[in-house]
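Each chain carries a letter (A, B and C) given by its place in the written order, and its residues are counted from 1.
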Amino acid sequence: METNMQLQAPAPGVGTDRRAVVDEVDLIPVRTYWQLVRQRFMQHRLAVIALVLLAVLVILAWTIPTLTGELYQKTSLDLIDQGPSLSAPLGYDHLGENTFVRLMRATQTSLTIGFAAVLIIVGIGVTLGSIAGYVGGLVDNLLMRLVDVVLSIPSFFFIVALVAFWGGGNVWVIIFAIGLAGWTTAARLVRAEFLRLREVDFVQAARALGASPRRIVLRHMLPMALAPILVAATLGIADSVVLEAALSFLGFGISPPEASLGNMLNNAQRYFYREPILMFYPGIMLILVVLCASFLGDGLRDALDPRQRIER
Amino acid sequence: MVTYLFRRLIQAIPILFGISLVAFAIINLAPGSPVDRFQTGRVSHQTIQNLIHLYGLDQPLPVQYVKWITTFVQFWRVDAWGFSFVDGLPVTQKIFARVPSTLELMGTALAVTILFAIPIGILAAVRQYSWADKIITTFATIGYAMPSFWLGLLLLFVFAVELNWFPLFGKYTFGQEGQPLNLIWHLVLPVSSLAIQQIAGWSRYMRSSMLEVMHQDYIRTARAKGLPNSGVIYRHALRNALIPIITLLGLTIPSLLAGAAITETIFSWPGLGYLLVSSVNTRDYPVVLALTMMGGFMVIAGNLLADVLYAVVDPRITY
Amino acid sequence: MTDTLLRVRHLRTYFWTLDGIVKAVDGVNMDIGTGRTLGVVGESGCGKSITALSIMRLIERPGKIVEGSVDLDRTDLLKLSESEMREIRGNAISMIFQEPMTSLNPVFTTGNQIAEAIRLHADIGAREAEDRAVEMLRKVGIPDPERRARQYPHEMSGGMRQRVMIAMALSTYPQLLIADEPTTALDVTIQAQILELMKELREERRMSIMLITHDLGVIAEMADDVVVMYSGKVVETGDVFTIFERPHHPYTQGLLGSLPRIGQRRGRLRVIEGVVPNPLNLPKGCLFARRCPCVMPICEQTPPPFQEVHPGQVSRCWLTPAGTTPAVGMTAPADVAEAEAARMTITADSGRQSATAAQMGEVGR
């Protein structure tokens, strides 16, 4: 509740007892920013569930392929189309490959690409965005025109052409293609935050105290811009995973015997008269990853920046 | 307004120029050469050299670029965009033949999106916290998370393979070309697979935009005038809530183009996206180059359209 | 006193928040006489605006009017159906708001918005309504009203927009105008113009006004009667002369004391120490006790009664009607005021110290 009056403690001399003072102080518990963030994040039930689920997925997708080695690409004529069993909870496909193990390997590949692409997106975005926002002027203008150009290229066409012509199926090419097409949002976010922060008192104060530009950017401005970047990065993982799946689905990305969610879907499409169930597993895994990332992003946004929160 | 449009068109030129540089670089700096596919041993070395010379591949890249771009801008000439490596047809002809199909698919998907998403978003916002709102929000969340190509496969499997209600592929049944009903019948599944994800995204956005507007002071003023609820929502809130939605229009074009590439491939829809995928597969460089330019052009046009609509809807914006 | 136009009794409006129930308006009574202006004063968050919105029945989730009656000419507005209430809103009772910059819809012209209000309550055509809208704009002193009616809100200044709001509110000839901080967001010179305009229109129409403000200067200039609110309750009522000359409740005295006056250079501007109590955690006795300079043991224990201290002056305070009023009155001689100021400075400082001590004790516990 706001007030126009000055905030002053009640005077004990006029008879207010001390307990009253304590009560009022009690209402404002002292917590650090990160404690508050954690507390607010924990209140976001869906985000917590998403985080746990994502953690489980990551653990499964890294342990199972590691434990089973090359099993995910081992074909076996006598196991073709066999139903579920303890060692193959999702049965075997038309080549006699263990679907569950393959799905886990595919999840690992897709998540790796997702995380790595986001690292590139954030790397390029933060670098160019902070240069544009801090330096301003002509540099800013040129960089923003570059953003316009990249935004106007239909990104999917760009990625398809890049991946297909620059070494189809290479994981690194896929990661770089997604990263190169996706950094514009991050750059814009950081630039906007920097433009705002440039005028903020504590940055001006740091400048007046003679802090070096490097120090101002790294110590004072970047941490403040962290919140929107973190949220954008979380959502970026989902986008990247879906992009990879789309590429591999069309046959431009990861090709068999290597496994990815996209090429499993591509495979399922070819055999979907015979074994329609095969298209569900990678599809549901994709939905799960996207849902987790978007809930996590929502939770982070609410937790990191309470101003943006309108309602629960 | 006319001067604004003119200025925007002028501004689009350097952006298109930038796109052309990027597209040219991707294709021409890529390892390998378009003539690689002839290196099978059955084509003589001399023939390959002739082809390289014919395509101008022996010239330095800047020269190749300038030659390409200067002819490219003369799009009204049949040979302006070169000839397909695959079938030797003029690229302009190949592309312009496909433009209507893509526009039909994307346009219908966009229209369906707007038609469904806006009322759904309004309903969810007006009945905030109700069951209707919860159901809508849940479906929108799941729908948004569903990749359109997976949804396409699912629809194809359920409605074309299992139920046999809709055709498996193509734009017309053989022998019924040009019949509107047949076209609509063929459009249902590809449009659904494109639109459902868009509807999910747009309705979520519409809901939050509407909720934000409903908390504005002028809505309270409208109520204080004695306006009934419907008047408050449809007259005062809706027009304001639609303003931010226009931004989505510009943003949707690239995602529709991406979606179209995949959806057209799944449903064998004879549009630009399908052409892109097959041209990339056959390394048909002139076609890929022209398609990328075409896509960029559509994105810019979409953004321009959004900006013009802004001015129409929001009186605070003047150009 | 003249006959009563609006009679509010036992009005309670609560808000169900995530942290608990906020009793924003908690048993408010007030009367507005025909042709009279009632000034409602108090700090932000004391329930003034919520009272006004409750009268208009414009409270939205998570708020709800829990109890009470709002009689307009013997009709209880709280018992009307929603459609009957719409007939009252903007017609018998009009309202103008604090923020002229955001209170008009940005996508419609001002003429259009005024005409809409007129057509809602009168069976006339669109053209005629527009003509009347232009007339109203002329009446509230907007030059070149024909042109202004075709303009959008963003093309006008704040003062101009508030005039448009007034034109809109008065276009239906309401019996009661509720003005919620109508001049707070405006420049001082514009403030004076708007107040002058409201006065003129009030005389012309014999209209009643409920004027919500935290600016006592505005009250002094405009109001006939005054209601002082604190923490969701009315703490003192009386006519404007009584309230200004003989304030009884220490809170009213504090409000008057915190008013800067020209010519008074000596002494500090007095403040009411502390803040409004947390609405989720109200003290059990008098709500003002913690900030009250004349607090007595009973104040902490039992809520004071709402009693008549003088004819026509009612106060919610344990102090005797005779008024063991402390020497804070506005007519206090300069030297007393100075001594008072000095005392307050000292106690304020020691108060801060003791708060710190208490805090440390809290940590150590």
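Here is the rule we go by: a residue touches a chain if its C-beta (ideal position, glycine included) is under 8 Å from a C-beta of that chain, and two chains touch if they have at least 3 such contacts.
All figures in this text were calculated on a predicted structure; none of them were measured in a lab.
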item	value
Central chain (by mean CA position)	A
Chain pair with the greatest number of C-beta contact pairs	A-B
Reference chain B; chain at largest CA-centroid distance	C
Centre-of-Cα separation between chain C and chain A, whole angstrom	49
Centre-to-centre distance between chain B and chain A (centres being mean Cα positions), rounded to whole Å	25
Distance between chain centroids, defined by C-alpha means - chain B, chain C (Å)	55
In chain B, residues with contacts to at least two other chains	none
Complex interface listing, chain B residues touching chain A	14-16, 18-19, 22-23, 26-27, 30-32, 141-142, 144-147, 149-150, 153-154, 157, 161, 208, 211-212, 215, 254, 257-258, 261-262, 265-266, 276-277, 280-281, 283, 288, 291-292, 295-296, 298-300, 303
List of chain A residues in touch with chain B within their complex	145-146, 148-158, 160-162, 164-167, 238, 242, 245-246, 249-252, 265, 268-269, 272-273, 276, 279, 282-283, 286-287, 290-291, 294, 310-311
Parts of chain B lying in touch with chain C, wherever the complex brings them together	216-218, 220-228, 236, 239-240, 243, 313-316
In the complex with chain B, residue positions of chain C that touch it	56, 58, 83, 86-91, 94-95, 97, 99, 102-108, 116-117, 120-121, 152, 154, 165, 168
